[in-house]
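One chain, subunit A, appears in both complexes that follow, with subunit B as partner in the first and subunit C in the second.
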Partner chain A sequence: MQDKKITTGPAGYMPNPAVFMGVELPPEGKALLYGEIVDEEVAMREAAKAMLTRKNPTIFPGPQVLWNWKDDVAEKAQAILELASEIPNCRIIPMPDYRPKYPKIDPEAEINPNHPNLTILHNKIEACIFVGVHCHYANLSLRMIRAGTNCFTIALCAFMGHEEAMASLRDVHADDIRRFKDVLVQVRNELGIEWTPKPPPRNPSLPKEEWEALNPYEYGEYMHLIIPRRGEENVTETE
Partner chain B sequence: MGLRYVQPAPGFKEYLPKDYVDLIDFGPFGKEVDVQHLGDFKEILEEHPMCAGCWMAYFVRVFYASLPNPEDTIVLGTAGCARLALSQAAVPFIYGNYGDTNAVASGLTRALKIRFPDKTKDVVVVAGDGGLMDIGFSMTMHSWFRKEKFTTIMVDNEVYGNTGGQESGMSPKGVQLKMAPKGKKFEKIPATELAKQAGCVYVVKLSPTSVKRTAKVIRRAILAARHFGPTFIHAYTSCNIEYSIPTEEVLKDAREREKKDFGFEEYMTDEVREFFEEIEKKKEVKK
Partner chain C sequence: MPEQKVVDIDYLLLEAPRERKFITGAQAMAEAVKRANVDMAIAYPITPQSEVMHLVGDLYAQGYLKDYYRAEEEYGTMSAIAGASRAGVRVFTATSGPGLLRGIEAIASWPGHRVPAVLGVLTRVVNAPLSIQPDNIELAYLLHSGIILLHAENQQDVFDMTLAAFAISEMVDVYIPVAVATEGFFVTHAKGYVNMTPEDMKLPPRDPYKAPVPVTDCEVPPARIQRDAPVQKSNFMSYLIHAVWQQEVWASNMRAMKYIYKYLGGPIEVVNPDADVFVVASGCAAAQGREAVRYAQQEGLNVGLVKIKSIRPFPAKEVREALKNAKAAIIPEHNIEGWLSKEVKAAIPNSGIVTDGPRVYGGMTLPVELIMEEIYKSLGIKKEKKVVI
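Entry: the complex of A and B
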């Protein structure tokens, strides 16, 4: 790599957009690494190395893979979960939609494209993967992350890729994610990192299942089995 | 847009934040919720940055709970107080440039008809008196002249509340405001009369003091817009800050205005009336 145009930040307030620095999107079959067009394999290896060696690797799935809005989403979602389970101590922090949140987001539970740096800085994330985020919001977030954090950004884009990411793959679908996973496992073995695949921890905002501390209202539609409706009898004994 | 957009991809439900999981499990999507059971289901809008005691925030909450098809609805708004809450809801929201909401909604409605010819998609504009009757006046009127099939809801707080209290065309005559100390010199614009003349098929003026009636009106306006043409709701949503209404007296003020100049008025064309009668007959048969 002769010339690294796009490197990890912080690049400072309002950094030059990557396109102003001469970065072009890669043609089909190629990828971007630090703003240069390279073979996919090269970008995949560098991205894998970042996810394996930098602190708090995290995957940020966007709405296009989080919601089951079309038939091929399920397979892509499964491939992402397989990839996450192969990365040591990886977390999944979702970007479920793009709406502004008041008073502010919970940075441990989600990432918002309007201020992605909050989540990255709060969790001290130094390597992340964007997948399934609509391109215009991915560009916005990736530039903000480069401006204000030292996070290594990887874009697994289903379209043409993202020049603001340090490593960007294009036309990425379920098979390509699995190919990236295989490269990652290979790099992990080369680095001598031992890891048994296991799924990342669930979202910390979800309640832990402490049955004794549950409030009747938390039983949702079954609440009326505990608090009877007017005129109904409560079931106190069972055979 | 569509019920599949609110169902998580396999394996991802446990990675979603709690409020999204609650929306999936207890939200109004794909169900018929009764607005009078607010609090028993997860609402589309819960947190918002509006002022304490804001009557508009209450109206927006009721509005979202009244949507007949929230998973297939797009809401448009413009600069003003309402958009602060509208944009935070779990329904797609488009922020128009000031005044162009009805022009954007016209294009959107037509595009959705072409893109999804077999599906029902609702487009609803919710904007203030400034956005619809002052700065957006021409585009609002022209969308009605063109008989565009979407609903326009004017949340009328009778002032430019976001920018410090300038008078609007909907401010009452004689009222003195912080940035208009000489008092307003002309009457409120007769918005509902204009709507009728311009060709709206269903027009309502109300002070939303009754949750049930407000929800009924919103649902009717959306259903009529699907089939017949433009519909319009003029709702009084006071600005307790600019009009110095104590927070605990906001509802009292709404009731007083209802008696004074915001009495309930409902207008509909004959075909719309027949349409509603048919729907009600079907409901009775179901019962």
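Entry: the complex of A and C
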């Protein structure tokens, strides 16, 4: 590869979007690797190598594969689990939705597009896969991760791919994920990494939300909504 | 209403047979809406924008649209357009001059909300003083909103750009609104020949799940999602999210360029690419520029035209290439600000070749002779002015 436009970060305080740097999405049947259009196989091999050799490889599944909302989703989710089981010490940390987290995120339990770097840095993740995240939020997250971390990002996109990822595949469905898994196993064997496939560890789910036990100060500037300020009254009825 | 069959986007825009009609610019816009499988239109027809939204109301009455209503004013119109679009339907509205400015806070939020709406802008003077004549100063206010902005020269452009706008705005890698602008009266009220696709063919319906964002803020599959959370809860986010979000809007704007090439033949049109002097223009100023080029060529002068069809994304690379050997670039405009002139000067390394003008505004027409005067000046040709009594 002659010119790596998009490399692992940290890219700096204010990242320059890949599109502004002239990176274009690949046509059908092609992929992106470091911002250049390449054959899918080439991108898959480099992505596999990153997930096999960098620290704390992690898969971030988004809402589109976490919720069984249309016919092909369960199959795709199953393929992701099969892929995860082939990556030594791989973890799965979901991006279940896109809301900022109150009062703060549990970075071991989830990742969030408003501050994805917190999960990456807390877990010292150096290689990750985005799959099933809506493209807008994936692009925001991938750019912020490139800005502030040294994580190698991989996007398995159901649509057209992501310029911000170091490796990006497009039109990815269950069969394509299994094809990627096969390439990964092949690269793993070439690298001489021994691994018996096993499911990733269970995700430490978020503690049960006990709203009555929540400290009012945890509401920050919105505290007055539950504790009226002097001279204010809580609205209990509406007309 | 004839039975309409859904056809492929590429077929309708690029291959379908065309029938020639002699219609106004307003009719051309409505005819494009007729073929675009639009679900809903919302109107607040400011005086006297054009008859676009009246004609679209007729389309509703004939059964082409599922819903149509008159909003209370422009802010309400543009906000309702955002709501309807985010609920997953294909929407259209049109406005003009002061109406555009009244709705612009809502319009400026569309790209960030990833609203793939189509907006007709039929330009009119911005008050004060009050006037209802054409002047495209209002487009200057749209340039920094993130919206894709196409500028139509004539009735044919209005039809082609409006139909293509629906396709471009809903591409997954774009998914921001497209405004199709043209000059009020000069184009909207005047007739021209328009080659139109068959009336019984329409675009495929919008697929709201083929999108870079979830459809709505509601708790619907595939997630319990609030799309604009950072806007509302800024103390729980990093400032960087807002920065990269803005970047994403403009990245999406830039991604539209490949579709402008595909469906509109590119963001610029160049006539006589080896010319010494170019008229660079958009909208109906390009029509006058085209006529000036014809006059000049009749006089044996080596003059060309660069017509800019896409104002956003701005075709800086293409303009740079077209003007790389030019000795002069004359930029006629229908506004006092000269927003196109500024864009061109910022895009080329040899900005000293640019002549700022001629400009007309306040509803004044742009005589070809004004452009010719600048052509003569740039070529060092002295013409005597004769006063006819």
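Simple rule for what comes next: the second predicted complex is superposed on the first by the 204 of 239 C-alpha atoms of A that agree within 3 Å, B and C clash if a C-alpha of one lies under 4 Å from a C-alpha of the other, contacts with A are read in each partner's own complex, and residues count from 1 in each chain.
Throughout what follows, a residue touches a chain if its C-beta (ideal position, glycine included) is under 8 Å from a C-beta of that chain, and two chains touch if they have at least 3 such contacts.
None of these values were measured; they are calculated from a predicted model.
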item	value
Partner chain(s) touched by A:L66 [first = subunit B, second = subunit C, both, neither]	both
First, second, both or neither for A:D97, with subunit B first and subunit C second	both
First (subunit B), second (subunit C), both or neither touched by A:A147	second
First, second, both or neither for A:K4, with subunit B first and subunit C second	neither
Which of subunit B and subunit C A:E110 touches, first, second, both or neither	first
Partner chain(s) touched by A:L81 [first = subunit B, second = subunit C, both, neither]	first
Subunit B or subunit C, by number of subunit A residues touched	C
Residues of subunit A that lie at the interface with subunit B and also at the interface with subunit C	66-67, 69-70, 73, 96-97, 99-103, 220
Touch list for subunit B against partner subunit A, complex	2, 4-12, 14-21, 25-26, 47-49, 84, 87-90, 93
Touch list for subunit C against partner subunit A, complex	114, 172-173, 175, 209-214, 221-227, 229-230, 233, 235-238, 240-241, 243-245, 247-248, 250-251, 254-255, 258
Residue ranges of subunit A in contact with subunit C within the complex	14-15, 17-20, 24-25, 63-64, 66-67, 69-70, 73, 96-103, 113-115, 117, 134-137, 139-140, 143-144, 147-148, 159-160, 163, 220-221
Complex contact set, residues of subunit A against subunit B	61, 65-70, 73-74, 76-78, 81, 92-94, 96-97, 99-103, 106, 109-110, 200, 202-203, 205-207, 220
